[in-house]
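This structure is in structure tokens; I'll ask about it shortly.
When the chains are written out, they are named A, B, C and D in that same order, and each has its own residue count from 1.
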Amino acid sequence: MAVLRDNSYGKERVRLTKIVRDESGGSTPPVHHVYEYTVEIMLHGAFDRVYTDADNSACVPTDTMKNTVYAVARTSTFSSPEQFADALSGRFIDRFEQVEGVDIELEAQRWRRIEVDGAQHPHAFEKQHGTRTAVISRRGADAASSQSALSGGIRGMEVFKSTGSGFTGFYHDEYTTLPETEDRILATTVDAEWDYGAGVDMAGTDFDSVWETIHHTVARVFAKHDSPSLQATLWEMGTAVIGEVPVVDSISFSMPNQHHIRFDLSAFGLDNPNEVFYGTDSPFGIITGTVDREEET
Amino acid sequence: MAVLRDNSYGKERVRLTKIVRDESGGSTPPVHHVYEYTVEIMLHGAFDRVYTDADNSACVPTDTMKNTVYAVARTSTFSSPEQFADALSGRFIDRFEQVEGVDIELEAQRWRRIEVDGAQHPHAFEKQHGTRTAVISRRGADAASSQSALSGGIRGMEVFKSTGSGFTGFYHDEYTTLPETEDRILATTVDAEWDYGAGVDMAGTDFDSVWETIHHTVARVFAKHDSPSLQATLWEMGTAVIGEVPVVDSISFSMPNQHHIRFDLSAFGLDNPNEVFYGTDSPFGIITGTVDREEET
Amino acid sequence: MAVLRDNSYGKERVRLTKIVRDESGGSTPPVHHVYEYTVEIMLHGAFDRVYTDADNSACVPTDTMKNTVYAVARTSTFSSPEQFADALSGRFIDRFEQVEGVDIELEAQRWRRIEVDGAQHPHAFEKQHGTRTAVISRRGADAASSQSALSGGIRGMEVFKSTGSGFTGFYHDEYTTLPETEDRILATTVDAEWDYGAGVDMAGTDFDSVWETIHHTVARVFAKHDSPSLQATLWEMGTAVIGEVPVVDSISFSMPNQHHIRFDLSAFGLDNPNEVFYGTDSPFGIITGTVDREEET
Amino acid sequence: MAVLRDNSYGKERVRLTKIVRDESGGSTPPVHHVYEYTVEIMLHGAFDRVYTDADNSACVPTDTMKNTVYAVARTSTFSSPEQFADALSGRFIDRFEQVEGVDIELEAQRWRRIEVDGAQHPHAFEKQHGTRTAVISRRGADAASSQSALSGGIRGMEVFKSTGSGFTGFYHDEYTTLPETEDRILATTVDAEWDYGAGVDMAGTDFDSVWETIHHTVARVFAKHDSPSLQATLWEMGTAVIGEVPVVDSISFSMPNQHHIRFDLSAFGLDNPNEVFYGTDSPFGIITGTVDREEET
């Protein structure tokens, strides 16, 4: 009477910290690099009987998935979440015949070196706002022949501009009360995710540099673009990234419109020349869109 | 060089409370019903030029979406989140030519009447744990001819059993260290979402009763089923719901495995006969699956 | 040039689950009781040199505090957070000469038995909304001679009433714009903490019954009291608890006023007879107060 | 039978954004300054009858408190949370005879200018990690004669060091299992609050500079200090601040010890030379202490 359609299972919030000591320069003390990732793994494959027949023989315990994260962190070399996602996903595809696909998501903390006496400290760090992500979706029987889709991302990048934004000329119906405005605060939290092309060079690509370039491009467009809508700002951000980062094929954004509303002080005999605002927690607008690199014809 | 692929926008965290006073019984005071929903709306349609050409003429402001929630709450009759999602989605499809699809998600708080002097109070309530959801996805040019997929759901139902659960016979590889166990704590937070069939009777279906039945069924299976894995428990829950609730075509679950680990007291000269455990916040397993009603052949 | 004034240190989020199997009735299967506490411990004492002289010799590691929670859970008998707080605090005072005081806070999850086929299940539970707390502050050289202040508490009890509340006659100044109202929604989340008298009988007091009585009393007063302000409701709750629970000497409340505002539909040609409201996340009022048992003269 | 002991009420999460346009330089466009504060206000005074007698005549509505935040933001000049807390608290003391005390807490977001083409943008900002606080407690009949205690603060400053930290020589009891270590990861989130002396010059003090100096001092000590315990690091931070910032009389810290534990890979035939760690969410240590400027004798 009932059938199992889709199923998947995995492990969330696997918290990995890896310290790499760079002793190449012979410096004393050595320079440390810190990689702090929170990992989510979902497996797809021949697991139906785990559900329907109480047969655990194919079941890779989620505890094993956790152990695998730490073992692969020790046995592989990486300097970016994209590279670690690639290595980790390969292990799951290669090692387990019953695994036909794996989805991995990494969220990386952003540690910046503390500056002491004008120099970057070799092993002490302060966290920066927002995180960096990498997502891989890999399907196939073994790592060599598998197909994978790899993305990088920015999460929680909060930006604010106090002018250079308006919203006019929109559609009106009988429930529309929003006034048009030529000058408003624009505030959002950028979540972005970009796809690397199929043939991306895992070892040769400087993924840190890609991330920094996209972060700077998004910030620059947000600052400079005279925004007629958050949608139009999204499009400007996307086209700029596509134009400046050849290794990116496509970029998606999800951005809340975090409304700041001019507080009406007229009841108190006070004017308010766009000076005092209240921020609202709810509701908020949400704007999404994907900008693709146009294929050549 | 760049093209807009997908786009959608909307409003999140629209917080609606509706009070309905039932004066039918001539009771003094009247019995109040409270509906508290948090609403998320996403529109799809002919909005490309809002992004690419700074042309807002088709843009329905998200502020208007918010207003629409309150106006439809006033002008429509409903007693379940499913019915309100249906009415609200119909408005967006019908009213705006540029809207080709709308996705709406409601999260409903669960208010239970306070018992006073042995009677249910007519207008005072205490919140129950977990929430109830309804999701509708509607596509088309007008409400009458549109296609919609409607779901109900349980969110955040936390359950715990102190025995009647084991995990044995699983796959071992070189990174497996998990011991097999015939007796463990099983704790999870059930998130479930079920699909109503295409022809569901919006006015005639008692959606509250459906929700209560599914909630009780899930709880009963969790309690009674001697669990060889959370996957097998999911399957039992799903088949029970399909068997007992004819109006449901399919049900999906997402359930964390919230591990509780026996604390090793042997260093202190103490035994621990499955009595003292520590709960872990991270990492946690996550088990998902969808159980469909088998189509007759 | 600098001196250490106050200091304290401890452990937070120690998550304890204890299962007690009641085999007294010879029932098959035995009835299980589950106690799930999150524990916070802060020590006070002769720890100055840990800070100022890098001298750890007096320092009880916070890891040891964690171990102590599980060891005391195994070696003591309790059926309430109050009793476990008492036992645990006694251990710290007794065992460590350098400890002059300890503050412990427990937050207990509320697990209710799942009902199956009309009976309470012996070992399967569903979580109820809100938590229960116990706080002890103990000072002295050993448990027998120490002074302790013990409290019980309710946390996160969300209540809502759709009428029976107003707010009029308040003070007006030049920044007051709030209209007076005879009929509003009143919604709050009750956090309450009550003090047991100095001579409370730890073994003989039915702390579960105290908690249930206070919870019911607070709910009943909230429902029945025709509220002129949340402050007055607080006072009614407090006097009712003092009147009904002899073992309680004092009770403190902290309650947000979670505003629900009538949505103005007049621009749409619609009336709104106190039917459609929006809840706000920010800002919110906060009302606190302590009601003491009047000492006899 | 019951008496009201303490009471206080107020408003939380009042979200204020103020934009100040600096047109002094005749620059085109003008440089904008953004101040984004979340405000919490608690009033103390002659409010007993609001609770006990349903007499609202002395009650300043919390809605009025909210309005006051925006009105004072418009009518006062400030460039730091300390100055705004001072102005706002003065208003409450001065305006309302029934107010005998007011506690105000501000949490300020940290907006940094976006750099575009090598220059700081005049009106676009990106949020930095962590927040800044100011707290004032004012008691008296009017602002001129009132006593106030003013503090500044750092909240949520996350720091991490991969070496230069150990923990040895601590007290052992029968429940101690923690191994001693000469080399561990030290990670914490600094919350600090410092008191300004009674005679602090509100207009003449550069509170931004004080904050930056303390933030840098805390970071520098964290990086350079070879830490025998988080307690000792706290003391070093405190004495450094007292030594370097004359306007600060006292500084308090609350710092979790966010444990990172070396993952044991030996079961997999792998070593782990302090390279791969797992971070834990619970439990965590918590270290607090206050360092005072020693009074001259």
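The working rule: a residue touches a chain if its C-beta (ideal position, glycine included) is under 8 Å from a C-beta of that chain, and two chains touch if they have at least 3 such contacts.
In this text the structure is predicted, and so the values were computed from the model without any measurement.
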item: Chain located farthest away, centre of subunit C as origin (C-alpha); value: A
item: Subunit A and subunit D, separation of their C-alpha mean positions in angstrom; value: 29
item: Chain centre separation in whole Å, for subunit C relative to subunit A (CA means); value: 38
item: Subunit A and subunit B: spacing of chain centres that average the CA atoms, whole Å; value: 26
item: For subunit A, residues that touch 2 or more chains besides their own; value: 13-15, 67, 71, 175, 177, 268, 280-282
item: Arrangement of touching chains [line / ring / star / complete / other]; value: complete
item: Complex contact set, residues of subunit D against subunit C; value: 1-15, 40, 42, 47, 50-52, 54-64, 66-68, 71, 95-96, 98, 167-171, 173, 175-178, 228-229, 231-232, 234-235, 238-239, 242-243, 250, 252, 256-257, 281-294
item: Contacting residues of subunit C [partner subunit A, same complex]; value: 174-175, 177, 267-268, 280-282
item: Subunit B residues touching subunit C - in the complex, by the definition given at the top; value: 13-20, 29, 32, 34, 36, 67, 70-71, 73-75, 111, 114-117, 121, 123-129, 157-164, 185, 219-220, 222-224, 260, 263, 265, 268, 270, 272, 274-281
